[in-house]
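Sharing a structure below in structure tokens format, with a few things to ask.
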Amino acid sequence: MALRDARVTLAHGGGGRAMRDLIEEVFTSVFAPPGMEDQARLSAAALAAPGARLAFTTDSYVVTPIEFPGGDIGKIAVCGTVNDLAVGGATPLWLSAAFIIEEGTEIALLRRIVATMAREAEAAGVRIVTGDTKVVGRGACDGVFVTTAGVGVIAPGCEMAAACVRPGDVAIVNGVLGDHGATILAARGDLALATELESDCAALGHLMADLRAAAPGTRAARDLTRGGLASALNEIAGAAGCGIVIEEAALPLRAEVVGMCEILGLDPLYLANEGRLVAFVPEAEAEAALAALRARPEGAGACIVGRAVAEHAGQVRMRTAFGGSRIVDMLVGEQLPRIC
Amino acid sequence: MALRDARVTLAHGGGGRAMRDLIEEVFTSVFAPPGMEDQARLSAAALAAPGARLAFTTDSYVVTPIEFPGGDIGKIAVCGTVNDLAVGGATPLWLSAAFIIEEGTEIALLRRIVATMAREAEAAGVRIVTGDTKVVGRGACDGVFVTTAGVGVIAPGCEMAAACVRPGDVAIVNGVLGDHGATILAARGDLALATELESDCAALGHLMADLRAAAPGTRAARDLTRGGLASALNEIAGAAGCGIVIEEAALPLRAEVVGMCEILGLDPLYLANEGRLVAFVPEAEAEAALAALRARPEGAGACIVGRAVAEHAGQVRMRTAFGGSRIVDMLVGEQLPRIC
Amino acid sequence: MKFASEFRDPALAKALLAEIARTADEIGATKQKPVSIMEICGGHTHSIFRYGLDRLIHDGIEFIHGPGCPVCVLPRARVDECIEIAQKPGVVFCTFGDAMRVPGSTLSLLQAKAAGADVRMVYSPLDALEIARRSPEKEVVFFGLGFETTTPSTALAITQAAREGLTNFTVFCNHITVPEPIKALLDDPHMCLDGFIGPGHVSMVIGIHPYDFIAEDYGKPIVVAGFEPTDLLQSVLMVLRQIARGVARVENQYARVVPEHGNTVSLAAMAEVYEKRPSFEWRGLGEIDASGLRIRDKYRAFDAEEKFGIGYAGVRAVVEEAEGCACGAVMTGRMKPPACPQFGKGCTPEMPLGALMVSSEGACAAYWQYGGARAAE
Amino acid sequence: MKFASEFRDPALAKALLAEIARTADEIGATKQKPVSIMEICGGHTHSIFRYGLDRLIHDGIEFIHGPGCPVCVLPRARVDECIEIAQKPGVVFCTFGDAMRVPGSTLSLLQAKAAGADVRMVYSPLDALEIARRSPEKEVVFFGLGFETTTPSTALAITQAAREGLTNFTVFCNHITVPEPIKALLDDPHMCLDGFIGPGHVSMVIGIHPYDFIAEDYGKPIVVAGFEPTDLLQSVLMVLRQIARGVARVENQYARVVPEHGNTVSLAAMAEVYEKRPSFEWRGLGEIDASGLRIRDKYRAFDAEEKFGIGYAGVRAVVEEAEGCACGAVMTGRMKPPACPQFGKGCTPEMPLGALMVSSEGACAAYWQYGGARAAE
Amino acid sequence: MCLGIPGQIIAITDAERMAALAEVSGVRREVNVACVAEGPLEALVGQWVLIHVGFAMSRIDEVEAARTLEALRDLGEAQEALEQMAAGDAALEGRA
Amino acid sequence: MCLGIPGQIIAITDAERMAALAEVSGVRREVNVACVAEGPLEALVGQWVLIHVGFAMSRIDEVEAARTLEALRDLGEAQEALEQMAAGDAALEGRA
């Protein structure tokens, strides 16, 4: 226990003994990366099958507050990158984790984040094999930023992509929408809203594996993060060159999420999620897909929300509960709370 | 050209059209990542040789100022991660690049950073295949932070590690020390020091390849970043369980760097570098190694600075120009400018 | 959601649509010769598009989108003044999110924030007041924006600030009133409206009688309406029935929320703090007499215009609206958004030229976002 | 580097070492019965370890590391006062980097900065003055720290601030003087020093005569020395030669920089701004009469102690030094660092207990970092 | 204009500042109740109000709400009856 | 204590504030020259000074510097002579 400070100081970023102590005690003692080099060296056997491909993705995580009901930045950082691998059809294998830490951050907070990451990685069946820490002066970052990158393997023959979606395919989501976005809005405190909501943050690697096993024809999946379901569907419609129609009445939404949206004038279709995905499967496999999703806790709320259609290529439309119809466009920027 | 703002606003991080435009115009149009998914899908053929291993590393880059004589944050972000792969004996293949951008950042600055990264990646023979952008509020980060992760392949049989260093091995650096650290100190402006120095920032992948070809027995190499030569040598001495002796008279240092260190009471052995490495090679291969390094511009200043010894295991000592000797310990925290 | 979901029942809507169709046929309304009904309030515009009512309703009913979006009618000069205040050192400029993207002559508030101004989004004037309490070293300015619905809240925030003796809180008052622009519209010789949907939430404050002149002086039916889809359809039906019967009255569809004479406390608070300006500029409509409010002398310590010598208390810059902007014509119902030559070209939600493209209540943005234009095959 | 590299020449050093050895032998100095020479100045301690002089020099010469490091002698209470000032809202606390890691009773300045205080490292008091000019809304406090070498710079910063009429710049004055603690050491009955290496940079300000008492009253040789390795060796030789000849004089090895009577402008600036405190506390040495300076009444507007009512201008807390800390004994030459029971155990550079472990000039840190302890097989 | 939303007052939080806690579908926020405060504040608890920018602007009249719905339902029944008649006619005429 | 470093004044930057540019091994910084300013400021250009915390604290006396070095070199020569003699002695005595 060389680390006796309660808070991170600039000395912990200086390349000396204080940094080494911080890294060893807080990070590598928990993540237990293989080897002692500044690079993980990993058996490539999992990638050796002829035709297997390597999947590689990254995301930075900057959530405020850093800890929130249902998770913390570490949980999102592991789940988000696992999900980016999984929705593309890859089996997630390894993660890197780079931390940018503001001077003054409590070391106890770092320990909690790291513990979350280790737990989530284990549950998701991935290893955090390499990492980095940087310390910046007070006011030069907002607490802690985490950037993860992920490497996975795509089995030979697996070809999931938005461009593969065909008219007639069914759009399935794995549960209620917008819990994460609404939770964060409330947790930030500046709108003075209180809810019992918890983030939906979850790793979806196992769920995707089960889905692909049950519905091998699955065309494409997307995790619903910033921009919500609406943005993911717009992306898919654009890439596939077909239209998508969703049913307002079929959208799974919690009352609190709807309530918060009504108060702030937001549209839940655009709220962020961290444990939700939309998958497009051939109609014939829809039942099997639903059953596979519902068999896991993170897919318990799975339901069909719409389908791809040949008409209005590139456009997403929603049939309102009234039988009316409207375009569900991409957002321009952020959704801002409105008064009118 | 949908992007007409001069500066990044929060709308560019909101998951909507503004974000898509920013990403497409500023990032993907230059990096040209393969495919349209949020994961790169890469042929694993380079990894297929039996016994080949995958190398994986990451670093966050947080330099102030973002642009400085001899480079910018993008150059460091590419070179640093290429170097972490290369010094471990890996051939760098692919990079990810995640950007955290402060609201108000000039889009022209982002374009310059991205251009640098594309140029450096091309020169280093790697591809930037996947990425991410996040926008945070003013004051929530310091301009732009870049996190890169890198994947490379380690050829079957290649086994370089600090633990492989043996007494008698020769320690070689590839050029003058501390230029980067001194340049940044001056460029920050708060010490009001002016120099003609430029950062030594450089990608060392090709150099390492040439070194390994010329000196196949090369035991280990380390890029000299935070903490400088002193920290890298301490790490190696610790991992190898042998001692290291360096010669003060042999250290390649520019007069300006020495001058700045004298003014501020700093020790150049601890100054950061971004294009320097120390390699340990068996004595018999030292001449070949030097010749190979000197044949490339980024190794033109290569020289022997010391050697591993059986004595004082784990410790680095320096023979002073006087024939005296002192321990070169790890720093405690950061080096701080001193008056006494 | 109680008092909301019940009024979103598709079965009830179906009956209403059928009855509307019957009544429309009865009075001979057709696509070629439609009955034109203006929903004054942007909230109604939003509901119409959100629920797709415009595409469900009988062909013979045409919705004309009125000027009732306080963001859309905010002139460029006023946005510039906001930014001028927000850029002063030490100022925390608090605003509703709606105003963030409205283009001024060079920047929006969102862009001014990116360029360094301390602009914060709040949900309530009370939140701005709380910031002022917590940051005595800062000068907190609240961007008071909105019709009579919102005006009482800033009035009450000001009286609260006065009670607490806060010296670092002011309101940049841009409150406007509904009846005056309606009168201006009705006086416009190009105008050919057959009836009005009245603003439900403004009316809960001012009651329904301020609209009497519409029925009495101009002979047009007006029905004050709620914001749920059956509220709107029922109100349309009520307008049509007045037309069918050849009468013009002020009716109240939204009686569960709107008292006939409005809200006493709200009206008193407004009267205490605000008084009419001689005239106020509306984007697209120009200066309209007595259509805006200003802070009374008694509360001038809380008036950002006075404190900073800006706006009507300073030298007002003449700021031309953007060239080619047809917002005025759209807002007065003379033009449909897609007919504007800028629509979707020089003017998109990403880079709005006119204010009607900014707010999701703006007619152009609603057409664009909900496909009023592109979906109209 | 001109005026530096020439004095690092190993060939010259070799000759000096040989001559030192010869002289040491001549006077019978042995490892068992060494000649003890105190280098007063921490800068000299640093040079000795940096160039490994202690291991090159004749066995019969023992360096005793004196109290001449302004950071090392700073008592905990004083660090606590710094932090108290730094934590006040609106204060920008400027310091030389040296002081950042010195432990107070709960925090160091580095830790106080991490916990939210606005602590900034500067290279020069002029840089703090510039911050004060640029941030009129901030209260800029400069941590005036150091011996007579540094004192003129803060005096000149204060007179400059006065000329400019700055009202937001003060100095927290901790300037101390060299002669008084030397006298205190010489009066210590445990002390058994044979000679002194005098501080070169202090002397360029005060000249060499303030040390006359050392030779005249106590009969000890003292040689004012430069900081390059041959400077130090030459000075040792000069001390040894005095001993050999049985004389005690004040000599000046560093004549290229040190004028016999010091620097007129510096002395005048110091006299203008500062006056002696009746006494001042030194870590490890306790209160020493007339060993510290304070700001004269004329400049009290620039005195942080006055402005904040802290330190000698306020109620001084009695802060005990850490338990088991042997800094006093080490600083008076009675104990070598490795003999301190805390050395390398409770006290390391990562987590220093005493101040001598903090600064790279501190004897304990120098022993630790340059292997004085661990390298001594 | 003027986003307003029905919520229920569930507690008075600061009588002096006229502050109460309102709930909308499980989401709670403090609102100012000055505009709806006739009689003792405590009596507001349980009351449904129309909330705008953090202020309760109007009490919701449950009787009027029921009356409006009633009118709509009547219309709905009339409509069903009409449709059944139309369907009957169609059947009679063999039109599906 | 008291890190000091020789530098050369290369320009006067602000005579009123006694500010000049000093250079140390190619590194330049503005320093205050009040303590070394006898006579016209311009005459300082080219002068070597001892710099401490941004102040030129003392002019460096080149003659004294040369004298010190001279003394050291003399010592060195004497030492060499001694060593040669010792080496000669050793050779004579067959001690290599």
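Going by the order they are written in, the chains are A, B, C, D, E and F; count residues from 1 in each one.
In this text, a residue touches a chain if its C-beta (ideal position, glycine included) is under 8 Å from a C-beta of that chain, and two chains touch if they have at least 3 such contacts.
Bear in mind that the values here come from a model prediction, so they are computed numbers and not experimental data.
With D-F and A-E as the two chain pairs, more C-beta contacts join D-F. Put simply, the chain farthest from chain E by mean CA position is F.
One inter-chain figure worth recording: chain B and chain E are separated by 63 Å, centre to centre, where each centre is the mean of the chain's CA atoms.
Chain D has its Cα centroid 71 Å from the Cα centroid of chain C. Note: centroid distance chain C to chain E, computed from Cα atoms, is 22 Å. Multi-chain contact residues of chain F (touching two or more other chains): 1-3, 5, 24-25, 29-30, 52-53. For chain A, the set of residues touching two or more other chains reads 9-11, 17-18, 191-193, 255, 258-259, 262-263, 265, 332-333, 338-340.
Residues of chain D in contact with at least two other chains: 1, 4, 42-43, 69-70, 96, 101, 110, 123-124, 127, 146, 150, 349-350, 361. Within the complex, the chain E residues that touch chain A are 1-3, 5, 24-30, 51-53.
Per the touch definition, chain A reaches chain D in the complex via residues 2, 4-5, 7-11, 17-18, 21, 103-104, 138.
Those residues of chain D whose C-beta lies close enough to touch chain A in the complex are 101, 110-111, 113-116, 349-351. Considering their complex, residues 1, 4, 8, 10, 13, 42-43, 49-53, 55-56, 69-71, 96-98, 100-101, 110, 120-124, 127, 145-146, 150, 229, 349-350, 359-361, 368-371, 374-375 of chain D touch chain B. The residues of chain D lying in touch with chain F in their complex are 1-4, 6-7, 9, 11-12, 14-16, 18-19, 41-43, 68-70, 96, 123-127, 146-147, 149-150, 152-153, 156, 160, 199-202, 204-205, 227, 230, 234, 253, 255-259, 263, 265-266, 269, 361.
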